[in-house]
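The two complexes that follow have chain A in common; it is paired with chain B in the first and with chain C in the second.
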Partner chain A sequence: MKHLITSVVMASTLISGAATAGTFRLAHDVGYAGAESLDPISPNRFFYANQMLYSRLVRQDENGQPSPDLATEWSASADAKTWTFELRKGVKFHDGSDLDSADIKYTLERIKDPEIDSPVAAVLGVIDSVNIINDHKFEIKLSAPHADLPLLLMDYRVRMIAEGSGDTITKTGNGTGPFILEELDPEGTTVLKANPNYWEGTPAADALEIIGIPDSQARVQAVMAGQIDFEDSILAQQSKLFSNNPQFQLQSIATGEWRGLVFRTDMAPLDNAKVRKALRLAVDRDEMLKLVSGEGAGTVTCDHPVWSGDQYRTNIDCSQNIAEAKKLLKEAGFENGIEVTISAADNEPEWIRMIEVYQQQAAKAGITVKLNMVPSDGYWSDVWMKHPAVATRWSQRPADQILNEGFRSTATWNETFFKNTDFDNALDAARSELNFDKRKGLYADLQNTLWEEGGALIPYHLNQTRVLRSNVTGLAPVENFSIRWHLVNAE
Partner chain B sequence: MLKLILQRLGLAVFTLFTVCVLVFGVTEALPGDVCTAFLGRDAQGTRLENCRQQRNLDQPALQRFADWGTGVLQGDLGTSLKRDKSINDLVATRMRNTAVLGFGAAMIGIPLAIILGVMAALRRDKPADMMISGTSIFAMTIPEFVTATVLIFIFSIQLQWFPAVTTVRHNAPIADLIPNIILPMITLALVMMAHILRMIRSAMIDVMASDFVQMARLKGVPYWHIVFLHALPSAMLPAINIIALTIAWLLGGVVIIEQVFNYPGIGTLMIRAIYDRDLPLVQAIALILAAVYVLCNLLADLSSLALNPRLRTAR
Partner chain C sequence: MTAITATHSVPVTKTESRWAQAWKNMRRSPSGMIGLSILCLHLVVAVLAPWIAPYDWTLQNGYIMFQGPDTEYWFGTDNMGRDLFSRTLMGGREAIMVTLLGTLLAIVWGGLAGMTLGFVGGKVDEWLMRIVDALLAIPWLLFLLLIIALTGQQSWTLILTLGFFYGVAVIRVVRGATLEYVPRDFVVAAKTRGESRFTIVTKELLPNVLDALLVEAAMRWAWMLLAFSSLSFLGFGVVPPTPDWGLMIADTRGMISIAPWAVLFPAMALSTLIISINLTADAFAKAIGLDRAKAPV
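Right after this comes the complex of A and B.
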């Protein structure tokens, strides 16, 4: 019996045991239940593996601005409809073949292929055609002017694959990225090994292991027990488990994700812009952030969707102003205050808390907020974009994309039913403005318009808390898409 | 005798049918349908239509219930929405893993509970009894996720003997699962032992005071013979139902333990299915778990019949 116990203990120590030198281990949530695909444009894309296997043409630098990846230089024609790119020379795919313009043309055209029906097609909708000039130079023709084509190409799914490899890419993972596929097993452990020919130099880690752990609490346990080295996002409450412990490092990173409230701008009394402004002036955003998500768990935003890491973000002063809110309500004919009923479910734990805090804050301005609890089943189909006021959630998107997807009059997800032709025209103007400072000014005006007239209450963007074991090196406190995986190692 | 068995079987089939109706009915009563629940914010346009078409959602509910029921009777549980795979395949390996874990826990827990129960009964009200009874009740009253967390803290985080969470895939060979099931097995054994132990203890106390044991003593039968050959088999009878329920619980209800240890069993699959709003999969698992409970109870009834002649006489 004693021998049995000893051997079981030894066997398990070997399995759970200390990291092999130079292997960096991380977990993913098996969000597609084992159907994770190495095709970067599949709706089931294997998020982590694809970031390490493939490269983009353009990637973000630490300030969120476009910087060279496979493309070294780019320039636009005066009408912003034709873009010319220089391709990096000497880059090889994992199978040894050379990267050239034909691969880029193939990849971009494949993304737009209606047969494949990729969710990424919409992102590159403005691309009309790709023309090869020579092996390392190509031009992209657009159907409408777009001054921020490089931002679109920075999308984390626009990753280059070899010409003609579309049918096999799901299994081979043949890219130009810092790591090469060794074994694909999304529900177990996926193993990647270092690419010695990576254009930026040999990666610091010899291998990467991506382990499937669906439950977030279990991932936290796995970090604590040393089964993985990194967990990208933990709850603010969980950070106490790791702070002040020399075995771990914590990073807090701003993101573009938010939870907010939505008021339909086409239903009385909220069709009056003064009433909507009053609803927003009644909020004490710092207090709301602290009470709903926790101290330091977010960055205050003034009801526009552009997050703090975006180059087009403009900062507005939106501190609570009860007197002004009361004045606006009076001007709109609601001297005795108004009543608003917000429908929400518990899909997101923050929603109910947010409405409760808002109830207290808005009461001071004579606004009575009522909470209408609805079932979480069917919330997105029966309540959201149907009831006059609802709760919402959005993930991070670049300024141009989020303003067009969520606030343009014709957008499918225009949840506030905001109809403003000047706003739509300004969106088009910003897109075709080639001068960066002018463009930034135009985007700032758009954000100000939303603060003055919009129907969304976006009190803050969320921060993400990341935990690393203390032996991890080379992982900068930047958003996930900007991590330079070839520098990361667990020593 | 045969009539009794048939009666029990009939009752079991009826219970399962009721469960089928309930599971289907509850899903129907949800706001929206399977497709809107699953697609969430994307529930619009062609995607929604395609999904509804694939699921025959345009047909009347009774027709769909008949189709689903026929499928279930033929052993076809349908197709998972999110995973787009046959539910039979998804469930098979997970059920195996849950059975491995449950079997392991039962192998430790049940014999240990019986032995400790007997010891407690024989040392009634003495320090040994108080310690055994006290500890087992204490172990039972702590919620299993607390026990699990404490065990993980000690054996995985501090000592690093066992993995904190399972990282092997669901269809790995059983040998690969072994190191991962030790901590969950201990947790489950700690939680389940008290019920059986208390039952054996009180039954044993009664039996040891009964006439036939007195008689055996007076005739000079050796003490341990009396305890294990004569008293224990009678004391086991009342415990059988508890043991059956415990086994049913192990095979279906250890959701929390599986979740805490990230163990790829039927419980974690159910949680994921609920989380993904994958209603066909939720329906199938609910049905399987109900069937496990019904089956275990049926077996307990039948084995009580076999062990106790008094129950067999038709009334």
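Right after this comes the complex of A and C.
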């Protein structure tokens, strides 16, 4: 009898005290038509898988500020041209090999390989060389002073891989992250299993499944039906579907994400800065935000990519001004208005609606907007940066990074084909400026230049509305790049 | 024009009186008359929609998004605050126009090809029918998506693509119907008179397979409407902001538990149109003495 009582007590203690490790399931949009790559710096990077397979040197804390990941501490020289990093000890790759400074040198130098043509090269182009001091200490030499290098290293793609693994990384996913690749199938289900040697401890979930579901509505239905545990492309309007339902948890987080329209600055008539300004002045951004994404679903932005939570954000008045838009069109020689065809697919629910709203708003200024619906399959490879005007989406990045990555003349993802030498020089000057106030002023000038001359229509930055099944634990209400995936579980 | 040429032994009924008889028969079918009434209503609404719609069907209003049906907005409003009644009235125009022209194309080319193959026979018929069989085996929706993805989704592309695909199915039906008449005396007589193949097909065979062709046209139209709406639902049919039932359903399906009216009304409009075509086609087939259930599909 005593034995039985002891067993019952032990069993109940186990049941009540230990959370059950489960499989956490989420979906992705198969935006690269199955060509998703596990190479973190590939243009076709497999976004979710790569976040879980690899670690960065520096990552965001809950406030978005740099905090240690694989690098435990760092310091800059007085001229901000040499940065020294201490590397975490005892970290192992999934294949069992140890992480050391040689891996970091290899990873950072590989980013600049012209054969890979990585979009990250534009972000870290300032790195001149990486010198190994010892196995767990290295220094980064810059070609020009950069006061915010740790911000650049927080980029979601700057993830460390093992020395010499560049040729195989696409398929192996051999990183130091909390999960290990078990099966890669971007169009079906990609399976990751917990990494028992992860430096922050064994992940809470046993496994993680990333399921390919291209249609955003289908993803919403999948989370409602319990086929996935997490979905982060919920419209603010759709939050009513989940609120007050005990089966779900909702999270709303201000982010630097945006959905926008892109006009190529190298194609007539969009090569005329006055035409582009007219296209922007025709927009009533508050109304667009409300109609497209829902009331309070974001923060109005004036066609520059710096979001409201960034220390370098500047405020511009970009109210709708139809008279000024008409005047600019007249000055540009389009007195009778112009016609613009914007290509978009339905991979993002906001795109088509945004164009529909824009059609009505722009019509008031004599701008005829036509929608060219294209297949979502292969949208990023066949349409984006090919057609004269397209819909786009970007995730959050620090000011310096996004301005360099999206708008520098030589950037791989310069989607507006904006070529402006003065702008490029100003970018260099801003990141080299060691005085914060002066640096902030320079970044403000860059944002103003984009508002006056740029080719992107960025009407607002979005709040991210996320829905989780009620059994999900450990997923804090922070923006995507700050999530600690090893804590997340679906019990 | 006669249904059966004079050489046939069966007494010939005059066409006018035959159609009058068919109409009389149809009027005796309650389901047929209900179907025909709804169909006519849809067609009238489609033609007059721009004049009878109470609001601008593209006008967005951020203050009345997903408003339920009331006296001001009879069908409520959608995710962009647009009047759903006006959009539902307008939503069938493109679908009906494209599918009617597509059906006409399918019937003309499929009918002519079917009659010609049935009449010519031999190796040509045998080989070409295998190609028809192969085309019929292709999953049509995937193939349509492929063609539209390659060529774009202008109305004429949709008409040609739908017309071509549905014409393939018509070939088989019409060829089957034609084979029944080819050995008949009036066709043999026409051959003996030295009539051209074209004359025999159009003057002798067409009047006799016309019944089957008309019923087939109605059936194909209903299927084509469904196909067109499926394409719109998938984002390959009508381009926004033009209202279309399939597109309206696709736009608001994610909110069905919050605003069911936004899905319900366009779905009802599409369903009633398709059902009305089927009811009319059934009644018409019976009225002219064709058993649609036995018709080769």
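By definition in this document, the second predicted complex is superposed on the first by the 280 of 491 C-alpha atoms of A that agree within 3 Å, B and C clash if a C-alpha of one lies under 4 Å from a C-alpha of the other, contacts with A are read in each partner's own complex, and residues count from 1 in each chain.
FYI, a residue touches a chain if its C-beta (ideal position, glycine included) is under 8 Å from a C-beta of that chain, and two chains touch if they have at least 3 such contacts.
Since the model is a prediction, treat every value here as computed from it, not as a measurement.
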With the two complexes superposed on chain A, say which partner A:I355 touches: chain B (first), chain C (second), both, or neither. second
Give one of first, second, both or neither to describe whether A:P214 is in contact with chain B, with chain C, with both, or with none. first
Please indicate which partner A:G333 is in contact with in the superposed arrangement: first for chain B, second for chain C, both, or neither. neither
Is A:G296 touching the first partner chain B, the second partner chain C, both, or neither of them? neither
Chain touching more of chain A, residue-wise (chain B, chain C): B
Once the shared chain is lined up, is A:P375 touching chain B (first), chain C (second), both, or neither of them? both
Just checking: does A:A33 make contact with chain B only, chain C only, both, or neither of them? Give me first, second, both or neither. first
Looking at A:G164, would you say it contacts chain B, chain C, both, or neither? Reply first, second, both or neither. neither
Answer with first, second, both or neither: which of chain B and chain C does A:P43 touch in the superposed model? neither
In the superposed view, which residues of chain A touch chain B and also chain C? 217, 221, 375, 377
Going by the contact rule set out above, which residues of chain C touch chain A in the complex? 58-60, 62, 65-66, 79-81, 145, 149, 152-153, 235-236, 239-241, 250, 253-255, 257-258
Chain A contacts chain C in the complex at 217, 220-221, 235, 237-238, 240-241, 287, 290-291, 295, 345-346, 349, 352-353, 355-357, 359-360, 371-377
Quick one: in the complex, what on chain A touches chain B? 8-9, 11-13, 15-17, 32-35, 185, 187-189, 211-215, 217-219, 221-222, 224-227, 375, 377-382, 384, 412-413
In the complex, chain B touches chain A at residues 30-32, 36-37, 40-41, 43-44, 80, 82-84, 152, 156-157, 160-165, 167-170, 172, 178-179, 182, 259-262, 264, 268, 271-272, 276-277
